[in-house]
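Here's the structure, in structure tokens; my notes come after.
For reference, chains read A, B, C, D and E in written order, and residue numbers begin at 1 within each chain.
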Amino acid sequence: MIEKLKAVSPWRRFTAQPGNVGAALRKNSQFLITLAVIALAATFMLSQGSGFAVRVIQLSAIFAILAVSLNLVIGYTGLLSLAHVGFFGIGAYSVAVLTTHPAYEQVPGHIRYFDWPFFAALPVGMLVAGVVALFVGGVLSRFRDDIFVLVTFGLAVIAHRVFLFWLPVTRGAFGIHAIEKPSIFGFVFDGKTEFMLLTLGFLALVVFVSWLVVSSSFGRVLMAIREDEGAIEVFGYKARNYKLTIWVISAMMAAVAGGLSASEQTYIDPQSFVLLESIFLVCIVILGGLASLVGSLLGALVFVLLMEGMRFIDFIPDALVGQGRLAILGILIVLLMVFRPQGLVGRYKL
Amino acid sequence: MLLELKDVAVHYGGVKALDGVSLGLDSGEIVALMGPNGAGKSTVLKAIFGLAPLDSGRVFWRQEPIDVLPHQVVSLGIAFVPQGRRVFTQLTIEENLEMGCLYLRDKAEKRRRMDEVMELFPILHEKRKDSARAMSGGEQQMLAVGRGLMAKPTALLLDEPTLGLAPKIVTEMFEKIAEINATRDTAIFVVEHNIRSVLDIAARVYVLDKGRIVHDGTPASIRETDVLTQVFLGRME
Amino acid sequence: MRRLPFVGLVMIAVLLVSAACGSDDPADDSPFVIGIMESLTGPGETYGNVSTQAKLLALDEINDAGGINGRRLKFVIEDSKCNARDSITAYTKLTAVDNVKIILGTSCSGAMLGAAPLAEADGVIMFSGLATNPAIKDAGDYIFRTAISDALVGVDTGNTLWTDGIRKIATITEATDYAEGVRAETVKRFEALGGSVVAAEQYGSEETDYRAAITKMLDAGPDAIHVAAQAEFAGGTIVKQLRELGWDGPIYGEIVMIGTTALDVAGDAATGIKGIVPALDPGNQKANDFLARFRARYQYTTLEWFMGSGYDNVYITAACLEQTGDDQDADGFRDCLYNMPPYSGTIGTYTFDSDGEVVGLANAVAEVLPVAERTPENSGWKILGLAPTVDG
Amino acid sequence: MLKYLGARDGRWSVSGLLTQRSLSVLLIAGAVFYVVLILAQDPQKFLQFTLNGIVIGAIYAMVAMGFTLVYGTVWFFDLSYGAMATIGGYTVFYLSGQQRTIGRGSIHNTAVDIFVGALVAGVVAWVLYTWLYPNLRNRFDRRLLLASGFVLSILAGGYTGFLLSQPLSLNLIFGPVVGVMVAILAVWLLHLALGRPKTTSLKMAVAATVGLALGAYTALLLAVTPGANLYLSWVVGAAIAGATGLALYRGLYFYLRRRASSPLIMLVGSLGVLLTLTALVSIVFSPDGRPLPPPFGETPWRFWGASIKPFQVFNIGFTFVVFAGLVLLLFRTSFGKAVRAIGDDEEVARIVGINAPVIIAVIFALGAAIAATGGILLGEDLGIKPTNGLVLLLKGWVAAVVGGIGNIYGAILGGFVLGMVENYGVWFIPAAWKDAIAFGLLILFLSFWSRGLLPRK
Amino acid sequence: MSSSAAERGQEYALETKGLLKQFASVKAINHLTIAVPRGGITSIVGPNGSGKSTLINMLSGTLPIDEGMVVLDGTALRVIKPYDSPSHGVTRTFQEVRLFDQMSLWDNMLVVLTKRNVLGALLERAGTAHSSRAQELLEMVGLWDKRAAFAEELSYGQRKLLEIARALAMDVKLYLFDEPFAGLFPAVLEKVKVLLQDLKKEGKTIIFIEHNMDLIRELSDYIFVLDSGELLAEGEVHEVLARPEVIEAYLGT
């Protein structure tokens, strides 16, 4: 392949010289970016009132769980997966199916009623996602690079079709209504703020587990797999097992996000689990930075702010807001790839 | 001078690859360029072909600055055989050779050149309909050199033509280089790490270190001074 | 390594956003503010758009006539995108940021059902002219609609099929809640009457090639084909492909199947399709005036009934606001709707029952005309009469 | 990469039986058995399914060919390729004067005309600058060259804008251009047939006369033939998509490729382009589907209980024409050899004198034009939708991979195989699972033949 | 396992029996049968395409064995999976250096020192148990100062050194080096030479591929000459390199 000729911007040359102000900025840029993003986000949200802030934080937290879990796969292990929306959906549907109560059922439908509490249904959802991930991962471990992306593309489409057409379980396009809110020891998380706190709690848990994973020897092997799978195998690591393990862990985390969002919305339908969501997730991970847990949190926040913030731009005609957001997101991705493929605070490139 | 670099400097992402390099190649001579890894040898060749962006300095061909695009350099009469036996594996050997003078319209001339090259490297004639993928490393290197010769160059630039080749092939390769120089009146600029063999055939030698020319002279002068020891042994990478 | 320019970009974006949101229209002094949530993009965009345009027409008419009690009416429009999550986000934005207590919308039942529980809990009115899912009936006290429930449409379609002498149908259905709902209700009625479904196929919203499904359906030998589509384009394409693959028997559908775009796509293939639709009464002067004004403003009309429904919603809202005098008083507004005297609007004369369902409207059977006879005025079809009733 | 065969030691064992090779033989046998089974069950239905498969397979094959052409040259999955199909379809829509677009009023928009005109002007300017300018600059005054190039590109852009603003008289405006092209082609062919014109001015004169006559006749024919507008709009659609592809390469991918170290960065970048373009098309034309004006051959032919439209037969034939053209281009011309050489090793290709950036740009334009052709033909058959691009891209991608990515023969085979599988696969189960079957099969297939049916050597 | 082999007085560290590797129609390794003596430096030479790298790849499991078997430490193996090769006592370097580019040198070393099984690795906190060994090795090749840098920032010679250090971190009996000296300049080359000789002193078996005759004469005890996937000659270095058929096939006149 052709030698990469790296153009050097005047800005870069200026900042590269020690003693310039730029050097100091560059040194701490990750910290500064983090600070700036959070400050701007806070200012913006507070200016819009607390209700909006709660909603944004809620959405960001869900996306952050997904992004952190996906980052384990994309950033650390180097597997660009678009299939994550499937696990997100499995978690959501598991919780939905298991917690619905016949009394709340609005259309007499095909599903059986289990009427479980949320906190019992969520682990089952994780388990289901884990088992499916194990099976799918076995197939996926045969592929690499471009073909891997293609196959996960296909899996996302298949997952959507299953949600849409497997009527006896998912009720297809009707969706599932009246999904129960979590309750523990008689305390029901039914308010928006309470639910946000619950989601944040789960987010903290997911981040903590992810941190444990990536800071162990296991995490280092994952990065070695990302860099050169063939080489790490020669040193006695069965890469397939490592990939499968992280794949399953990541899928279970995505299922947590799914369960939470199902319960938060109290209604799910297959429209929420389309390929585009997976694309958004990959964008968040890249936006934040590969192999950076903080990056994924920031990425989710920035992404949600961008998508929701666009609702406040007056000069975009209302009818075009939805498509306009997509267009702007697309341009953002391109700019990101051109100027900063390692994301906001990341260090690694794809 | 046939080909001349004057004060050429090249940056690669903040790192100086070449820092004011001036060197020249006269018609009909063999000139060797030596230096440790990362000294910038390959960059010199790439700079000639416009494949490395020049920060300053210019490259002159027959006293005129080269201001054509990289792909047009070959039609000036400069052919470049890059490092690492890079042949087109999707193409047959004949097609590979044809690539060497794609700009040429005259089919008879093409045919004639191909025959000449195949005469020089008989193995290419033997396998001419085969895919280049199926060749051994030595054969691929010969194909790469043959492809360069298809342009009927006045100056031939060789980047590490013997890297990773077996001793027998190395010897053969140096013989061919000398033969090309002698019979086809081609000036040859060769980057080589095989010090002993290259000093036997080269008329002049440049030694490059850290992007600068540190020595310039005949093989004899190199043997006399300790510049090579200094460059190669004097510093740990 | 180009962090700072990028940060700059993000900052500019965010600043723009924050700057933009501060610029509320200062000219109005304390207008009535109500929210509009429609599917402006996504599968239901045609409906969302015409409904919004009709509402904007009504808004301008009301404001030009001096507003309500001298106060102007103001809309805040949000896109609910025809799915639950975006609908919830839009709802949250409307209620939390714009402090809206009355929301007109939304156009997709899925979106409606996503936001309805929140609205019910918050005591916010949701008033839709388009959502047809039967489940909305039970969604709560604050949820109203002028759209006719699919349950009713299904019964009418089943009856029509039966009275036309059809005993075996094949169905092809878009996998959306609306289309599935219509199909389910239709089949329920049809089977109750003694008919049978010989083939049932579904398709995803983004597909365009239905030949495989159609070949299978035709192979089953039905008397008629029932098409339930959400997107007009898909409906028209299915009709076209049905004819191309050799089907010349009757085709039945609902409003979507005989919408302007559907007829456009299908061309002559659509001639003779029967659609069971809520239709504007040609004798209703109010409706005709409205259509003329709409055409004058937007240069087209389509899905007239849904346009009328959205238009009426705004006038009903205006009437109730006039009564309560406070756009924050959702309870008053709710009671106003429940106690509304029969309202005579573009789509007919109707009231709301205790579930917030509209009462007094009925479906008609329409037949598509040949291409030569289709005009913008007749929408491409003629009304055969009200949907038949069958005892059974 | 070489086929991964399990260790064999000459003895039969369970693990020996389960080698990739024996499993793949089983898989093929199963597929053949399945096809025979459904054929025996209902031959008429089978025929209809087969026709359905071929009809849609032809479109997949077309898209896959362009996709594989680009991929085999630059080695990254260009997702924006899907948007080219959309752009082609919508250009035809724009030009064919459909006024009834729900909720968006008239689609004819001066801004779009100006934008596309500017796009074409830019592309023409770049083509002139990189192709003609380096060759002519030493012979003529440079300022004069630049100025005339500038004027030419402005003229080309203005002409395109004018073309777009007068869609209904496309045949009148565009006819002379086609006439001139036909004339040039005729002169060139005669020049080849008659030998070197330098020798006889008579031959030259004959060639010129014949060429001019043919050109004028073509222009006249275009002006008076009903329906010529539509077919010309196909050409314009493909050309505008080609220009867009070229502009994208030159304006974005060129720089991205220089900087990016990994094809995944390119993949994600092109994903951004796809999202943006699809969204923009949706904004201008609304996200709902639209019909294109009906082409010829809309009345289906029926035989043995099956039916197919003449237009669909044309589609299949056209796919093979494009295929033949590409094969000739790639394997019989020096341009094709250069393309393959670039696919092999771009830097060396530049060193040996191949103008790689220009050839890659041509490949992008050609690929985009082929995608647009696929999009237009599909649109004429089934209607257009902004999201069609993504669907076509996915199917083209799958077809190209099944056939053997980077191989043009594989692409056409893969397209038809995919079309067949989609149709045969839903014989026993609901047709709704069509896409799931296609992708499930892809995954199964890739597990056994990861390099496709006809792998690139 | 190792002790039992020693008890049996195993004299070969490695044997291959009728080893075959076929790429399409070409037999890269053609029923090769060799025996590598224990505890010395063995070199493999041969013209390009004679199957040297293919052999190394098969021994380390990077390429599957088509036919025949490999005897490692007295255990006959028909299948070698790459991840099993260390447990058979084999490690290797690559002809084109394969480091974990976007990882620090420190991580590059640690990653081969930690636990192999998934659960063990998950529960093992970063480094602590192995840091002294990693430090020792990095200091040995003179890269300790650069431990925080990414491997991609190293120069070619440093990359070779790091790769060799990474192989040394594996406590195995048989080291396969694929052209360890290629493209190195004298100072670095000397260093690698010393590393190899130290390894020999520890009683390890080393197999390396090399073209440079001086190095082969200086370092190796035993030599195999391959040609077209078949064994052309084997034996003591000086004796073999003097044989006319070897000179004809390999060294040229």
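The working rule: contacts are C-beta pairs under 8 Å (C-beta built on N, C-alpha and C of every residue); 3 or more make two chains touch, one makes a residue touch a chain.
Worth saying up front: this structure is predicted, and the values here are computed from it rather than measured.
Visitor: Measuring centre to centre, with centres taken as mean CA positions, what chain is farthest from chain D?
Guide: E
Visitor: Which chain maximises the distance between its CA centroid and that of chain B?
Guide: Centroid comparison gives C as the farthest chain from chain B.
Visitor: Which pair, A-E or B-E, has more C-beta contacts?
Guide: Here the pair linked by more C-beta pairs in contact is A-E.
Visitor: As a quick test, compute the distance in whole Å between the mean CA positions of chain D and chain E.
Guide: Whole-Å distance between the two chain centres: 49.
Visitor: Starting from the mean Cα coordinates of chain C and chain D, work out the distance between those two points in Å.
Guide: Comparing mean C-alpha positions, chain D is 38 Å from chain C.
Visitor: I'd like the Å distance between the centres of chain A and chain D, where a centre is the mean of that chain's Cα atoms.
Guide: 35
Visitor: Using the average of all C-alpha atoms in each chain as its centre, how far is it in Å between chain C and chain E?
Guide: Measuring from centre to centre gives 72 Å for this pair.
Visitor: On chain B, where are the residues touching two or more other chains?
Guide: 51
Visitor: Going by the touch rule set out above, which residues of chain D reach two or more other chains?
Guide: Expected reply: 103, 282, 287, 345, 347, 350, 430, 432, 435.
Visitor: Would you pick out the residues of chain E that each touch at least 2 other chains?
Guide: Correct list: empty.
Visitor: Which stretch or stretches of chain E touch chain B in the complex?
Guide: Chain E residues touching chain B: 26, 45-49, 142, 155-158, 179, 182-188, 211, 213, 249-253.
Visitor: In their shared complex, at which residues does chain A touch chain C?
Guide: Within the complex, chain A contacts chain C at residues 9, 11-12, 25-26, 29-30, 32-33, 36-37, 40-41, 43-44, 47-52, 54-55, 59, 106-107, 160-161, 164-165, 172-175, 177-178, 190, 261, 265-272, 302, 305-306, 308-315, 318-319, 321-323, 335-336, 339-340, 344.
Visitor: Please name which positions on chain B make contact with chain D in the complex.
Guide: Those residues of chain B that touch chain D are 49, 51, 68-75, 79-80, 82, 86-91, 95, 98-103, 131, 133, 147-148, 151.
Visitor: How about chain D: which of its residues touch chain A in the complex?
Guide: These residues of chain D touch chain A: 75-77, 103, 252, 255-269, 271-280, 282-283, 287, 345-347, 350, 394, 397-398, 401, 430, 432-433, 435-436, 439-440, 442-443, 446-447, 450.
Visitor: Applying the document's contact rule, which stretches of chain B touch chain E when the two form their complex?
Guide: Result: residues 36-38, 134, 136-138, 163-172, 193, 232-237 of chain B touch chain E.
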